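Each structure below appears as C-alpha cells.
Both of the next two complexes hold chain A, though its partner changes from chain B to chain C.
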Partner chain A sequence: MAQNETPFGKIKPWLYLLPSILFLGFFLVYPLIDVFIYSFEEGYNFASQTGFGIGFYNYSYVLHDPYFLQALKNTLILVAITVPLSTGLSLLISLGLSSIPALKKAFQTIYFLPYVTNTLAVGLVFMILFKKTAYSEGLINLLITAFGGEGVDFIEGPYWAKMMVLCIYTVWIVMPFKILILTSSLASVNQDYYNAAKVDGTSSGRIFWRITLPMISPMIFYLIITGFIGAFKSYSDAVALFGTNLNAAEMNTIVGYVYDMLYGNSGGYPSYASAAAVILFVIVLTITCINLLVSKKNVQY
Partner chain B sequence: MEVVLQHITKRFPSRDKNNPADVIAVNDFDLTIPDGKLVCLLGPSGCGKSTLLNMISGLAKPSDGHIFFGDVDVTALPPENRGIGLVFQNYALYPHLTVRQNIRFPLENLKGDRKLSKEAMEEKVQEAAKLVQITQYLERKPSELSGGQQQRVAIARALVKGPGVLLLDEPLSNLDARLRLQTREEIRRIQQETGVTTIFVTHDQEEAMSISDEIIVMETGFKRQVGHPQEVYDHPCSLFVAKFLGTPQINVFDGRIAGGKLYIGDEAVLDFPGFPDQEVNVGIRPEGFIPAENGAFSFERSSVEVMGRDVSIVGKHPAFQGASIRAIVSSLNKIDTTATVDRFSLVPEKVHVFDKNTGAVLTLAAKEKE
Partner chain C sequence: MQTQRDYALIERNAKIRRTCKNIFTYFCLGFWALIVLFPFYWMILTSVKSYSSYNSEYIPTFFTLSPTLENYTQAFTAVPLAKYFLNTAIFTVITTVLMLVVITLAAFAFSRLDFKGRNLLFVGFLSLMMIPTELVVITNYVTITNWDLRNTFTGLILPSVTSVFYIYLLKENFESIPDNLYYAAKVDGTTDLRYLLKVMVPIARPTLITITILKVIECWNSFVWPRLVTDESAYYLVSNGIQEIRENGFGRENIPAMMAAVVVISLPLIVLFLVFRDKIMEGVSRGGTKG
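Up next, the complex of A and B:
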C-alpha cells in the first residue's frame, strides 16, 4: 500500500500498460478515428492531404453505387445462409462425433483439416470441382450430367450458382473451428447430468433440448457472434473462387468493395472506402447488439 | 421394496499391459436389503461400493449375477424402468432450471397413461418440496442455494416420482462438517417419513453408523460384514472391519497367545483360553482402557489431550503397530499429569484378537466357550 502513495507508485501501473497502449493506440485507435474522419471528408486526397469539404457526400455516393449495393446484397445473403447452416451442421457433426467413441479422434482430425489448409489451395480444389474449362466440365457437372441433369457453369454462370458455390465454400471453411469448439464443450458437460436424466427416463430428444443445448449454449452463442462477424468480413473466399475482379463477377463483398476503392482498378478513393467501412462497422455493431440482447434471454452461463 | 443381490460380479477389462487379468470391482456379492430399511454400503475408496450402487440403479450392468426388486428380476431393465431415485455425489441439479423445474423434470418424462396433468405435477412438486423443507426456494436457481439446500433439492427430485428404492451416492461428502451432521439427520427423517428402502454409499464410517439400520462393510469388491452398526462395531469379524470402524481408530498390537493367556509384549493382559499358542494381532478400542494402578497393561505416555468430556492419553509401546496409541478415558478419572507410564486394566469386550495371517477374529469363539 505504501508504495502506491509515492508519485512513482501511481504511475507504475500506467508504465506497465504503456507498451500496449502505445501499440494499440497507434495501430488501432488512431486509424479507426482516422477512418471516421475520412468518411466525412469529401474528395480527400492522400497525396495533397486535402479535401473539398465535410459532409455526407461519401455516404450518399457509396449507398447509390450499384457495385456497393451488389456487395451489400452478396454479403447479407452469405451471412444469412452460412452462419445458421455452418453452426447447425457443426452441432450435428459434433453430436455425432461425441456418440462414437471409437473413431472420434480420427474423424476429429479429418474434420479439422480444412482449418489448416491454405485458402488458395482450397480454392484450387473447388475449381476442380466446379470450374468449366476447355478440357473439363468440372467434377460436379460431370456428376450432374451422369445422372441426366444439365450442367451449370458454377464459376462464370448464373448468379445463384456462383452464390451457391461461395456459400458451400464458406460453410466448409468455417466448420472445423466450430466443430472443434462444440465437441470440446459437449465433452465438458458433466456425465452425471446425463445419468440423472437416464434414471428419470428422459427421451434422447428431450435430453438434447432440455440439457445438452442449454449446457453448451454459451459456446453456441460465441460461435454465432463470431460467425456473423467473420461472414460480414469475408473477402478472401470470394477471391479464391472468382478471382480479383469481383465486381465483374457480381460476387463482391463489402470488404472487397473497400479494398477495391483503395487499391483496385477503381482505386484511389479513400473517402468512399472509409464510408463503406463505417457502414460495415455499423451493421456488424447492430447485429452483435441484437445477438447480445437475444442471448440474455436464452443463454445459460 | 426388498432388494436382493445374487452373485453380483463386475469385471472391468484391464488397462495394464503387464497384468492383463480383469479388474474385479465387485466380487460374487450376495445381499438382501429388507423393505423400508436404510442400509449403508461402507468401505474405503476403490472398494466397489459405487460400482455396486450403479448396478443397482441400472447405470452399470453386472458381469454376472441377478438383481431383484421384490420378486421382479430387474437385472436387464434400464434405469428408468426400475422405479428408483438416485442422488448424485455432486447432486447433478440442472443449473439452468429453477428448483421447481428441477423437481418437476422427472415427472415431465412420464409417458402414456402415467402422464400427469399440470396440476397433478405441481401438487407432487409441492409435496416433495415440503418433505425436504425447501418450499420457499422453488423459484431459485441451484447456484443460488447453499450446498445443504441443493442436497435437499436433489433428494426431492429423486423422490418426486415415488420410487421404490432410493439410492444415495456419497450424499454428504460435499458438505461441511456441521451441515453434514444436520443433513444426515434430515436424510434419516425423510427416509422414515416415506418408508422408502434406501441404500446409501459412503466411506465415512461415522456417517454410516449414525443413521443406518444396517451397514455393509466392503473391501476390494468383497462383502466383509453385514449387520446393525453397533453389532458390527462390537463384534468385527476381521482386522479390516475393526480398523475401519471407529474414531479414533482401534489400537493394534503384536501379541501372542501362550498357555491360555493373551500377551502384549511381556505382559499377560487377559485370560484367553481355548486357542493353541500362536502369534496374533490384538486390537484394543480406545475406550477399552481403564486406568488402574495394578492394571495388567501399561504403555509409555507421550502426551495427554484434554477434550472436556473425556481425556485422550497418547502413548507408545514397542509392540504397537501404528505411530501412537490412543486411549480415551473419562475425565472423571484423575489423571496424574506428571506420570510417564500409564497402567490400565482392559475391558475384555473392547479387546479383539485376530489371526496373524488371515486377519479373522478369534475372540468370538473364545466368548462362546466362556
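Up next, the complex of A and C:
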C-alpha cells in the first residue's frame, strides 16, 4: 500500500492506538509494576510520604495483623462454601431448565434478574429480611420460629449466623451468570448422542454421567475457576450486608482489608495495602493453576 | 392378550413417572424463582408501607391494604437521591462514550491498518486482561490523589475508560467485515477515519450496542472505585449514596424510606434488562463476569 510509505502513513496506526495505549499504560501497566515496588517499601505512609527502608516488613506486618488473618479466614470460608454450592445448584437448575421447553424462557429471565441489580441496594433488602430488631423479629427469624427453631440476629449476632447470610447473599448474586453459561452449554450438546443413547435404552442416570457431564465439563471447570477468582475478591456483598466498618463486624474480606488499609479507618498505608493485594494475587494465581492442572486431567475436550 | 395388557401397563407407568418428574422439576424451578423474586417483592412491598404501620408490625405482613407513596417523596427530599442519580448518569454517559471512542479507534487499527509489530502488540493487550483490578487500584488511587483529582468526575472516570476485552470483541467483529469494502473505499479516495465512521461502525452496530449496555450496567453498579476517590456526598454515585443513606440517611429505623430509595436505584437497570434481554444475556455469556 502506497500510503504506508509516507511518514504520516507510518505513524497513523499509532495515532489510532494512542488513546488506548496511554490509558492502559497509565492505569494498568504502570500500577501493576508500582504495586510490587510499594509492597517492598517498608511502612510507607501516604500522609507523610515517608517509609523506612526496603524489605519484606510489609508482608510480615500484614501476615501478623489479626484483621488480615480474620479477613483471610472469612474469605476462605466464603470460597469453600459458595463455589461448590452455587456451581452445584446452578447445574441442577440448568438441567431442570433444559428438560422443560415450555416455560424455559420465562424462568431464564427471572433467574437472570440478580445479575442486573445493584449489589449494594439489594443487599439492604437481605439485611432487613435477616435482621432482628427490638420491634420486629425479621421475616427469616419468623420462618425459623414457625418451624420450631430459635431466632437469631443474623446481621449483628453470632459469627456463624453472619457468615451464613453472607454466603446466602453471595450465592444469590453469582447464580445468574452460572445458570446462563450452563444452560447455553447444555443446549449446545449434540442431540445425536442422546438419540443414540435412547435407542440403546440407556438409563437417564447413565446418560447424565456418561454423556451430559463429560460434554459440559469444560464449562463447569470454567465456572469453577471464575467462581474461585470471584469469591476470593468478594467485598461489596459484605459491605451491603454489614456496612463499611467490616473489621468491627468481624466480616472483612481480603479485598476489604486492602481498601481499608488504603483509605478509611486505618488511613493511608499503600504499602501494607499493596502487600495484602500481592498476597491475594498469589493465592488466586496458585488456586487457578491447581484448577487448570486438575482440569487437564479430568476434562474431555 | 396378556402381553398387550402388560405393554399398556408399562406405558401407563412410564407416563405417570414422567408426569411426576415434570411436576417435581416445575416445583423446584418455581421454588428457585420464588427465592430470586422474593427480595424484589419485599422491597417494593416495604417501600409502600407507611413508616408507622411498618414499625407497628412485630410480625411483618405479606401485603398491605393502604399503600402510600410518601416514602418515595421522602427518598427524594430527605436525602439527595436525585443528586446521586444525576452523578451516576453523568458518570455513566461520559465513561461509556469515551470508552466507545477509544476502543473503536484501537479495534480499527488492529483489524484494518498494517503496521510493524501489530500482532505482538495485540498479544500484549490481551495479556493485560489477566491483571486483577485489586492490584492496580492502589496505585491508581495514589495517582488520582497526587493529581488532585479526588472528588471530581475526571478522577472517577479516567481509570475505567479502556477495556481490553471490549477492544478484542470489537476487533473480532471488524475483521468479519469483508476487505473488499475497504479497498473499494480506498479507490474512491475515502479516508480511513471516514470509512470507519460511515461503513464499519454502522455494520458493527449490534456489537457496539451490546458493549454499551454491558458498560452501562458496570458503571451503574460500580462501588469500590467511587468509594475510594469520593468522600464528598456531592460526588456520590448511587451505590455510595445508598451506603450513605444506610449509615446516616433517614435515621437507621426508617426502613420503608430506605426501601423506596432501593427501588428507585434498582429500577433503571431492571427496565434496561427487560428491554434488551437477549442482547444482555448474549453479551454476558460471551465474556462478562460480575464484578
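By definition in this document, the second predicted complex is superposed on the first by the 271 of 301 C-alpha atoms of A that agree within 3 Å, B and C clash if a C-alpha of one lies under 4 Å from a C-alpha of the other, contacts with A are read in each partner's own complex, and residues count from 1 in each chain.
Basically, a residue touches a chain if its C-beta (ideal position, glycine included) is under 8 Å from a C-beta of that chain, and two chains touch if they have at least 3 such contacts.
Every value quoted in this text rests on a predicted model; they were computed, and no experiment measured them.
Trainee: Identify whether chain B and chain C fit side by side or clash on chain A in the overlaid structures.
Mentor: fit
Trainee: See if chain A has more residues touched by chain B or by chain C, and give me that chain.
Mentor: So, of the two partners, C touches more residues of chain A.
Trainee: So in the superposed three-chain picture, is A:Arg206 touching just chain B, just chain C, both, or none of them (first/second/both/neither)?
Mentor: Touch partner of A:Arg206: chain B, not chain C.
Trainee: Answer with first, second, both or neither: which of chain B and chain C does A:Ala275 touch in the superposed model?
Mentor: neither
Trainee: Tell me the contact category for A:Met251 with respect to chain B and chain C: first, second, both or neither.
Mentor: A:Met251: touches no partner chain.
Trainee: After the superposition on A, what does A:Val152 contact: first (chain B), second (chain C), both or neither?
Mentor: Neither partner.
Trainee: For A:Phe112, is the partner it touches chain B (first), chain C (second), both, or none of the two (neither)?
Mentor: second
Trainee: Which holds for A:Asn190: it touches chain B only (first), chain C only (second), both, or neither?
Mentor: first
Trainee: For A:Ile128, is the partner it touches chain B (first), chain C (second), both, or none of the two (neither)?
Mentor: Only chain C; A:Ile128 stays clear of chain B.
Trainee: Applying the document's definition of touch, where does A:Lys233 land relative to chain B and chain C: first, second, both, or neither?
Mentor: Second partner only, chain C.
Trainee: For the superposed arrangement, tell me the lowest C-alpha distance between chain B and chain C in Å.
Mentor: 8
Trainee: Shared contact residues on chain A for chain B and chain C?
Mentor: none
Trainee: Which residues of chain C touch chain A once you look at their complex with the stated criterion?
Mentor: Going through chain C, the ones touching chain A are 22, 25-26, 28-29, 32-33, 35-37, 39-40, 42-43, 46, 55, 57-60, 101-103, 105-106, 108-110, 113-115, 118, 121, 125, 128, 131-132, 134-143, 145, 158-159, 161-162, 164, 167, 192, 217, 220-221, 223-224, 227-228, 238-239, 242-243, 246-247, 255, 258-259, 261-262, 265-266, 269-270, 272-274, 277, 280-281, 284-285, 288-291.
Trainee: Give every residue of chain B touching chain A within the complex, in rising order.
Mentor: 57-59, 78-81, 84-86, 88-90, 92, 94-97, 105-106, 108-110, 157, 161
Trainee: Going by the contact rule set out above, which residues of chain A touch chain B in the complex?
Mentor: Answer in residue numbers: 190, 192-193, 195-203, 206, 210-211, 214-215, 300.
Trainee: Which of the residues in chain A end up touching chain C in this complex?
Mentor: So the residues of chain A touching chain C come out as 1, 4, 10, 12-14, 16-17, 19-20, 23-24, 26-32, 34-35, 38, 46, 89, 92-93, 96-97, 99-100, 103, 107-122, 124-126, 128-129, 135-139, 142, 172-175, 177, 180-181, 184, 226, 229-230, 233, 235-236, 239, 243-244, 255, 258-259, 262-263, 270, 273-274, 277-278, 280-281, 284.
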